[in-house]
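Each of the next two complexes has chain A plus one other chain: chain B in the first, chain C in the second.
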Partner chain A sequence: MNIAPTIAPAFSCSRRVMAWAWVALVFSLAPHLLSMPPGLSVGCLMAGCYWLWRLSGGRTPWFPGLIVQLPLLGIALSIILAEHETLFEQEASIAFLVSLIFLKMLELRRDRDLYVIILLGYFLLGTLFFDGQSLFQTFYAMAVAVLLTLVLILHQRPGASLNVCWRQAGTLVLQALPLTVILFLLIPRLNGALWRLPQSTSLAVTGLSESMQPGSISGLVRSNKVAFRVEFLTSPPETARMYWRGPVLWRLEGETWHVRSGFRDVTGSGTSWPHRETKGPGWVQQVTLEPNSLKLMFALEFPELPPEGGVLNRDRQILSLKEIHSPRRYTVVSHPDPFNPEPLTDREAQWALALPDTGNPRARELAATWKNQMADPAAIIQAGLDFFADHPFVYTLSPPQLLHDRIDGFLFETRKGFCEHYAGAFAFLMRRAGVAARVITGFQGGMVNDLGNHVTVRNADAHAWVEVWLPERGWVRIDPTAVVAPARVAEGIGEALALDPDRPPSLNPGNGFLRRWLQIWDWVDYGWNDLIIGFDSQRQIAWWTALGWVQPEYGDLVIAVIVVALLFPWILSVVVGINFSSVRRDPALMTYLKFCRKLAKAGVIRDSREGALAFGERAGSQLPHHRREILLIARACARWRYEKSFSSREIRALKRRIRDFRPRHSQ
Partner chain B sequence: MQGIAFVRLFKPIPLLDVQGLRLGHRSLFIFPEFRGVAYGVMAVVMILGALNFAINPALIIACLFTSILLVTLTHTHRNLLGLMIEPVRFPEVFAGDPVPIALLLREVDSRPRWAIGLKSERGMQTAPSLDLGANQRGMLTLDLPPQGRGPCTIGLLTLFSRYPLGLIRAWTHVAMAEALIVYPRPEALHADHLPISVPWQGRREPGPGAGGDDFIGLEGWRPGDSFGTIHWKASMQHATMLAKRFGGDSHQKIMPDKTWLCWEDAKLPEVEARLSRLCRWVLDADARHRPYGLKLPGLTLAPGTGSAHRRRCLEALAMFHQP
Partner chain C sequence: MRHLSSSVIEAAETIILGKRSQLRLALCCLLARGHLLIEDVPGVGKTLFSQVLARVLGLTFQRIQFTSDLMPADILGFSMPDGSGHGFRFHPGPVFSHVVLADEINRATPKAQSALLEAMEERQVTIEGESRQLPEPFFVIATQNPVTHVGTFSLPESQMDRFMMRIHMGYPDPVAERRLLLGGDRRTLMNSMVCPLEAGSLGAMMAAVDHMHVADPLMDYLQAILAHTRTPNRFVTGLSPRAGLALLAAAKAHAFLEGRRGVTPEDLQAVLIPVTGHRLAFQSDDALDPGRSLLTAVAVP
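And then the complex of A and B:
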């Protein structure tokens, strides 16, 4: 008999608990510390480290009173206000909360303080996702949740070893996971926000912008961030035809191309534009869009109808009706053929031919000769493309810097450029030669992932090309880059820049193994975005409908959530109450019970109080012609259970003997 | 606790008698602590926030926190469910001593139980928490504040656990079936306090306390030993229960002469002081293994020996002029 009383201090935290609380909180707050004003983060960490140092030095941590805490709080507030100017903004309020937690930690002494800061630690894990919703972040939050749970367990069990407490924390979280999944599937989603936190107005996302100057696209190519992923529901086009349309640039000011003013103004065009007779099946795409600051929903050229939540404008871009703060999913059908229902308006013709008043005289001169020699716009376009083909142009990520008359310098001297140089210069030449032209930025190609059967388009796939207006055909895509570097369009940016010394390492084709892993990671990430982040109210209803619960109403789901939450503890206690453990752990007992089952079939049933030897005697007398065998087995079973010297050879022999034991019924 | 007194209507308070009792579903209560409610509110706020901003990963984390709370409910409940509680015979308690309460817990379901506490209604006394391994026994002890002589009101005891997270509390109320009687405080020893006028017959011992049963040390307590021999204080610091052993047997075959301990002989003005002195005499006489009788106004106990006789005498003193 063992009696192990353990004394738990009821109202104070042990040093072990304090130290682990520190670790858990630093992990919980680390992502916020990184994004807070640096002075504040350093201050918080210094306070924490000072506290830890006192703790590890064997001294009781010094608990500062209000005289110290209030000035510290004042300093924290002033740093936050200096940075954000208000406290009622998402980042500012999180920074304030984090500094409060660190101050509270300085006076961690009683268990009430511990619970306050641990609960705040749990809460702040949720705010982690304002900055991103990746799979990694979710796993991180779960790991920190285990850590926070561990702290509470350590506090409840001061005497237990760390290992045991870890296991308990892990058990709790693992048992909670099934319910987590059910709740996630059941909790009804809101359509639209009930309240909004004032947010920093600009969404800082690397990506395409509404203007293009030399260097802006090549700068993007260095970013490996995913712009969107596309799953084709029909057979996909070959890479060379994958032009993902982004901002349409009309205005050339100096060296910079801009979108036309009011391109977001869709009144008059609306969602019904353009109507067209369908030519062929088109490409049906399911796009999972990552957040972008342009409010643009990307699709292959040329989308037929806008998806839900977007409108199609005259530039044939899909504009989102609201900000794209989180990944969004939509289905859109595109047709490869340009189709123009309406002629150019006068204003559009004027825009599409406008040039700055001065600059780049040589280019103007070249285009003027084409205009004089050829009347046919198609011939002029061909002349322009031939110019790129006939001269030694080089496709490179880092062309030489030019100071003024950059188009002249590019066309006649350096002849090295990236797609924005080719597109910009070509549109300039066309306009001067009298052909209406505009620059299109967007993406070209993408990584085909055969695991997920989807195409991943990254910032690195950013591209620029040109559209020219032919009266009989409408806007026609011309890609001058394809003339200079056919590989760019056919095989992608990595191949096109294979010989470029300045190629960023992210574009290295890499070996097959690495490539495979990147594909797997991309596939997992896509699955996460698609299945978890994209699980909105429509998919929720569709999911339950597919399971047989047809069109659950909002109220039904709420009731289901409550019922499941109330039932789960009972179900769990029934499941864990089934005693699998004692028998399964003892192989000797298992073997013996197998022997008993065989005897039971032969009519000799073991009494629960009967020992192996006594049972063997009784069974032997009831089945006399098996008596010797039964006694042998029973003795061996007893020896296995109670003698340490029972060898593994004997165990094997015993198991074989029991397996071969076929008692016949006594009569 | 008081707030859910109405629950008592539905769940009878188990009465703890010698047979002990096993904690079943019917006798266990479970309710969140204030911090558990705070945790739940936090989880719900997180869920609402995640829904509002349509952040599904945050919703997963918030659902996980909710689920952890619900899973904890099961764990806390099962931490007490199925425990066997057995009463421990009260030791002799004299007025002015703290009243030691002890419960013997037995784990019979082959799973460890953690951080079990014992609390009394009276004065919110709490015992240190107890961890029990699978199929182990353990003792929960609690000292109630000292009392005057007479029947002692132990009141309701609460056996509780907040394991694993301290957010939820499971408990059961236990009422002791056995009554506890607090004996009068024995007077401090002085030779002249001996009952001189008592017709002490036969040989007189040189002084009090030099009698037969000497305390010779501590030994492991074995089932079958009297609970009265358990040395609680020492047992608390050991892994096993310790029992007092007596030896140095000096039963010198003294002829059992009869001694009368009389109310009149204790010549003190106050009733309580007289009872104190009588109590001391009873203890001394008992220590000498000599038959002794007790004469109180209106009550006479015939001379006898042994622990039962001693208890009868002490109880008579304790209940003297008590309702």
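And then the complex of A and C:
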């Protein structure tokens, strides 16, 4: 039999494959396109158009070739370097990878090129998780993985219908899930991210910051991003009492409130709050904090002890030792009643009464009259609150813009403001009236999710209030916003702004059905964050210990991963093998294959397209010493497989013959 | 029974020199009740080949030279008044014979071609409303000049499919050609030839072919080949079920000629190129023979 080797065609991508490859690439690149330098995005679009052009015409494809591609690579590199100044940085390297993919798209000549592009597409999917690991991102990545797999299947099975290929691609990705779960449970967690590329400095995370000016909180309210979620291990307080303490602002410079100096210094002496014995039950909270790129950690007022990895400063605010770039879980106990205070230090008293030298004369005048009329600080505070209650103040997200003396303008003219206006103006008045005051920023309220039994606090719940110093009681919380808009504290921001025409749609209270779905989604998202992202090395070890593997070390886990990697293909072959059992159990074939293996060791390898007789002839001519034996066995094998009557005695004889067959190289 | 077939081939080989493989394939085709298409340039012994084949098997032989003015009646026969004035008498055409040589079939018009091709498929002819059985066995050998020759009507694919095999004669090798040139006239030699078969032997051989055992792995191989030809973007059309039947029957006949008790992949491979070669065409112009590509593309299970 003369079997000439076929020459595989160089490029066999059908139009269908190319079209789907295009779609798959668009989906895997889409999340990155926006964050890339615009020049690159345009280049990528052009490469995509080139691909479409090839799809539409494609009779004689035109390849740009190195003369075009090298300059393009140069341009891409210079754009990236101009934007990021280095390649060894997360976004810059992703942009570089993306531009390489598009350059590769310009030279789709052989099947191999398609494989490279698809492989890079899978790789790019991995980079999707640099930005975050939310449930949505995971589902998106899985969907795109199915798409990329589909392209490979379409290419391998040109005849199969699209439906069949979809199903196969989906099955393949689903089949990878068990392995993913096993590896997820096994791969050791690194507490510091060893592999992480340097993060871009420009990567700003929206959230509460360490200063406050008019507009900074109302701007934040438009964001529906989750700030943190809290699970109460004791019974939770009612929403109106949920004040989540954030940065404490002491210094007023112009219009902007700042934290006191030394605020960020978490290791310095004298910054920590002395621990005291407390009486009565507290609220035990388990907080899952979303990354905020700062050192801010939040808890209900007033935390008793700092959680692990944080300190409690003299402002009774929790600060993380490290900047928070990944979700973080901690447990805090808070007590509603402030502890017996230490007296104010001279410096603190000075800070808490300081005002800018000039500006807002009418407010100063008003506060000065209170100071002259009343000696009791409590009376002054009440006068301040009454001022807000007695005048037609409006709580609104979009107050009129004021240019000069904004506190005056707000208190006496527009009388429209958001919590930062009320808190800022109230603190200003108190300081001028001789009552030590400071502004507290943080969050108030939150969505109680009865599904997950947790409270979800979003950026929209950001709030600002005031603390005043009463010598006999210490720092006391005063919320002037509550006087103007009681609903803000009692029912939440959505209700408080119900009549505000500028209310962002994310704050719409919605009907019960929509609200229910939001709760379900929030619960699922929380569960994902808790179970998947929160699965750190401690929980990993605890999990395995609970299963009976006591305290596995890093090394043990690594060995387990290797064992799984080695065992999995075998398990898979056993599982899949069940489907092909009829082929596998054909004893005639097994015997013949054993014979073939013996010949292969002697250097004669069976061609898959050869029948037993033809192979016997060929092997016999290559191993002339064994020619007779080989022919006998080959013929018997063929008879066993293809003839009706092959007796068990003949089978035994054949098996014996093959067992005794010891071929040697003829040379 | 194998000695019968080998004696047939040996007898034929005394006249037709150096064409052993063609003789075996032709015999295969006949035993599998298929028809044969020989494609080659004139003068390589196509006519003699068929005559000898009929002779060694002890079958009647008729030759129809196809020309552009050939009418269906010239092939099938016709009725004419019998002279007594009472009725008509049917004059059977040359098709009523065991072996019919349709010489240069592509020189005739499609109308005449289809008359023969219908007879091939039905193994009976209908003339003036009356069906007449053709003799059994009925075996058509058609010869065809390569289609590039002038003045030819090439057979359409649907009719090519009716031929079980297509073979090429080829030029004789130097040794055979020298014997041919020095030896006596082939036709006189043929006339003196004796049929080595007894009456009924041919029927028994054909029955043995019909009952040849086909194992499951071989059916897997056959179906893999069929499936391969039906993969899109490869061939213009895949192999039809009729082609699959022809392939199986020819492989059975080949196994019989080899003296086996079951069909092996080698039997299938031996008849693969002649059975599929004229039924397949690559979509793209590819120099490789489509039949041969099946050998290299499909693995033996």
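Rule of thumb we're sticking to: the second predicted complex is superposed on the first by the 532 of 667 C-alpha atoms of A that agree within 3 Å, B and C clash if a C-alpha of one lies under 4 Å from a C-alpha of the other, contacts with A are read in each partner's own complex, and residues count from 1 in each chain.
The rule is short, and it goes like this: contacts are C-beta pairs under 8 Å (C-beta built on N, C-alpha and C of every residue); 3 or more make two chains touch, one makes a residue touch a chain.
Being a predicted model, the structure only gives us computed values, none of them experimental.
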First, second, both or neither for A:213, with chain B first and chain C second: neither
Chain B versus chain C as contact partner of A:149, first or second or both or neither: first
Which of chain B and chain C A:239 touches, first, second, both or neither: neither
Which superposed partner A:159 touches (first chain B, second chain C, both, neither): both
First (chain B), second (chain C), both or neither touched by A:572: first
Touched partner set for A:14, first chain B, second chain C, both or neither: second
Of chain B and chain C, the chain that contacts the larger number of chain A residues: B
Partner chain in contact with A:612 - chain B first, chain C second, else both or neither: second
Touched partner set for A:168, first chain B, second chain C, both or neither: first
Residues on chain A lying within both footprints (that of chain B and that of chain C): 1, 3-6, 159
Complex interface listing, chain A residues touching chain C: 1, 3-6, 12, 14, 158-159, 583, 586, 588-589, 608-614, 638-639, 641-645
Complex contact set, residues of chain B against chain A: 35, 38-39, 42, 45-47, 49-68, 70-75, 77-78, 109-111, 114-115, 117, 126, 128-133, 136-139, 162-167, 235-236, 238-241
Chain C residues within the chain A interface of the complex: 213, 215, 217-218, 230-233, 260-266, 269, 288, 292-293, 295-301
Complex contact set, residues of chain A against chain B: 1-8, 10, 111-112, 115, 119, 122-123, 125-130, 133-134, 137-138, 141-142, 145, 149, 152-153, 155-157, 159-160, 168, 172-173, 175-177, 179-180, 183-184, 187, 189-190, 193-195, 326, 532-536, 565, 568-570, 572-573, 576-577, 579, 581-582
